[in-house]
Amino acid sequence: MGVRVQTDPFNAGAELKTFSSVQTNAGAVVTFTGIVRDLPDNPLAFMEIEHYPGMTEKALEKICDTAIERWKLADALVIHRYGKLTAGEDIMMVATASKHRKDAFEAAEFLMDYLKSRAPFWKKEHAKDGADWVAQRSEDEDALNRW
Amino acid sequence: MGVRVQTDPFNAGAELKTFSSVQTNAGAVVTFTGIVRDLPDNPLAFMEIEHYPGMTEKALEKICDTAIERWKLADALVIHRYGKLTAGEDIMMVATASKHRKDAFEAAEFLMDYLKSRAPFWKKEHAKDGADWVAQRSEDEDALNRW
Amino acid sequence: MINVLYFAWVRERIGLPREEIETNAQTVRELIAELSAREERYAAAFEDLESLRVAVDQELVDFDASLSGVREVAFFPPMTGG
Amino acid sequence: MINVLYFAWVRERIGLPREEIETNAQTVRELIAELSAREERYAAAFEDLESLRVAVDQELVDFDASLSGVREVAFFPPMTGG
């Protein structure tokens, strides 16, 4: 199980390769990668991600432990960046490994739903017209209800 | 959109990197990688995958087209190997790119469910005690009902 | 003349991957009956239709599908991709 | 003494990322009332509790959580990770 919170870029492809190669008895690996999107009408200068050092790591480890136990995962990984990012950069990724694809998919979705609304990260979009904190989407809060 | 049916190994990590890097407006990329599992009580010598050349490519392209249209995906990729594979090797992968994570996840699960039971591949496990064709799991057939 | 293909254990039971067949069968079901009557190995392969799938010109169909104008028929067990 | 942390627009409205506060507040809600009474920038930040979240010793809690024995309280908007 791995949790990494960092400013440095990461290579999602290399992470998948490493994560997969250590799985000896899991036939299914699912990854999610979140990428900074450009703003449709107002080009993004950069995105700034703030987090709560200490609580972030604890929250992510707890979310991973819960997922591993609930879906009997062989392994789980969460990487999340903070600091300044530009459009096209990878923000974060999760990876899950399991015997069966259903568990790997569900656990990855669960991790993402919790990460979105329960891990202490906040995004601010800096564009030509000014800067705005990204508001929580009500769908993201609702998404938690299914777990 | 890409569909590849091949005997050669592929590098899932490198594929994810390439797939992600061409997405300009999709914030969410999901991948599934299927890995040959060893047999718990009877070590696997190798797995042999047979397919139906011609029909396989057509079936995979059709499944991808359906997923792209239904979930308004920015992109989709399917790679599937055939021939002889040993435990730990990657059998196949799918990747989906979308604006929102829900669509990317659902489309990847849809692709996997269809691939499992509607793409003309057959697996035979060769172990010390003999060789057996892998039977379809009833859960795999049932999984199609939700789409 | 129809090109008939066999995959996986259907291929193994029948003992060949493909053959050309001259037939007047109107449907897949009639073709199966014709082949099964021909030799024991065909009868064994086609014994349980529940465990068989069929594609006509590379599209999955059911056993009552017409063979009119068809060039290729393939028989195989349920697929196990992924 | 409680270490009080502010993140995102809560930090911006209050104008600082953290401070040490001497308080007799028994609950988070009482601490909020105390701070809001202190200065306008606090009142502005704590105006709408619906749009605020709070963590006590790095665990999410609700506003009625006790402050007994607590060393760290953090206020922030709904999280937007992922």
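Labels for the chains are A, B, C and D, by order of writing; each one numbers its residues from 1.
One rule holds in what follows: a residue touches a chain if its C-beta (ideal position, glycine included) is under 8 Å from a C-beta of that chain, and two chains touch if they have at least 3 such contacts.
Keep in mind it's a predicted model, so treat the numbers as computed, not measured.
**Q** Which chains sit in contact with both members of the pair subunit A and subunit C?
**A** Per touch definition, common to subunit A and subunit C: B.
**Q** Could you put a whole-Å number on the gap between the CA centroids of subunit A and subunit B?
**A** For subunit A versus subunit B, the centre distance works out to 23 Å.
**Q** Go ahead and note the Å separation of the Cα centroids belonging to subunit B and subunit D.
**A** Whole-Å distance between the two chain centres: 48.
**Q** Centroid of subunit C to centroid of subunit D, CA atoms only: how many Å?
**A** 71
**Q** Could you pull out the residues of subunit C that touch at least 2 other chains?
**A** 82
**Q** Pull out every residue in subunit B that's touching 2 or more other chains.
**A** 34, 101, 112
**Q** Got a list of which chains touch which?
**A** Final set of chain pairs in contact is A-B, A-D, B-C.
**Q** Going by the contact rule set out above, which residues of subunit C touch subunit B in the complex?
**A** Spelled out, the residues of subunit C in touch with subunit B are 5, 7-9, 55, 58-60, 74, 76-82.
**Q** Any idea which subunit B residues touch subunit A in the complex?
**A** 11-18, 20-21, 23-38, 88, 90, 99, 101-102, 104-105, 108-109, 112, 139, 143
**Q** Can you name the residues of subunit A that touch subunit D in the complex?
**A** These residues of subunit A touch subunit D: 34, 50, 52, 54-55, 58-59, 80, 91-92, 112, 115-124, 133-136, 140-141.
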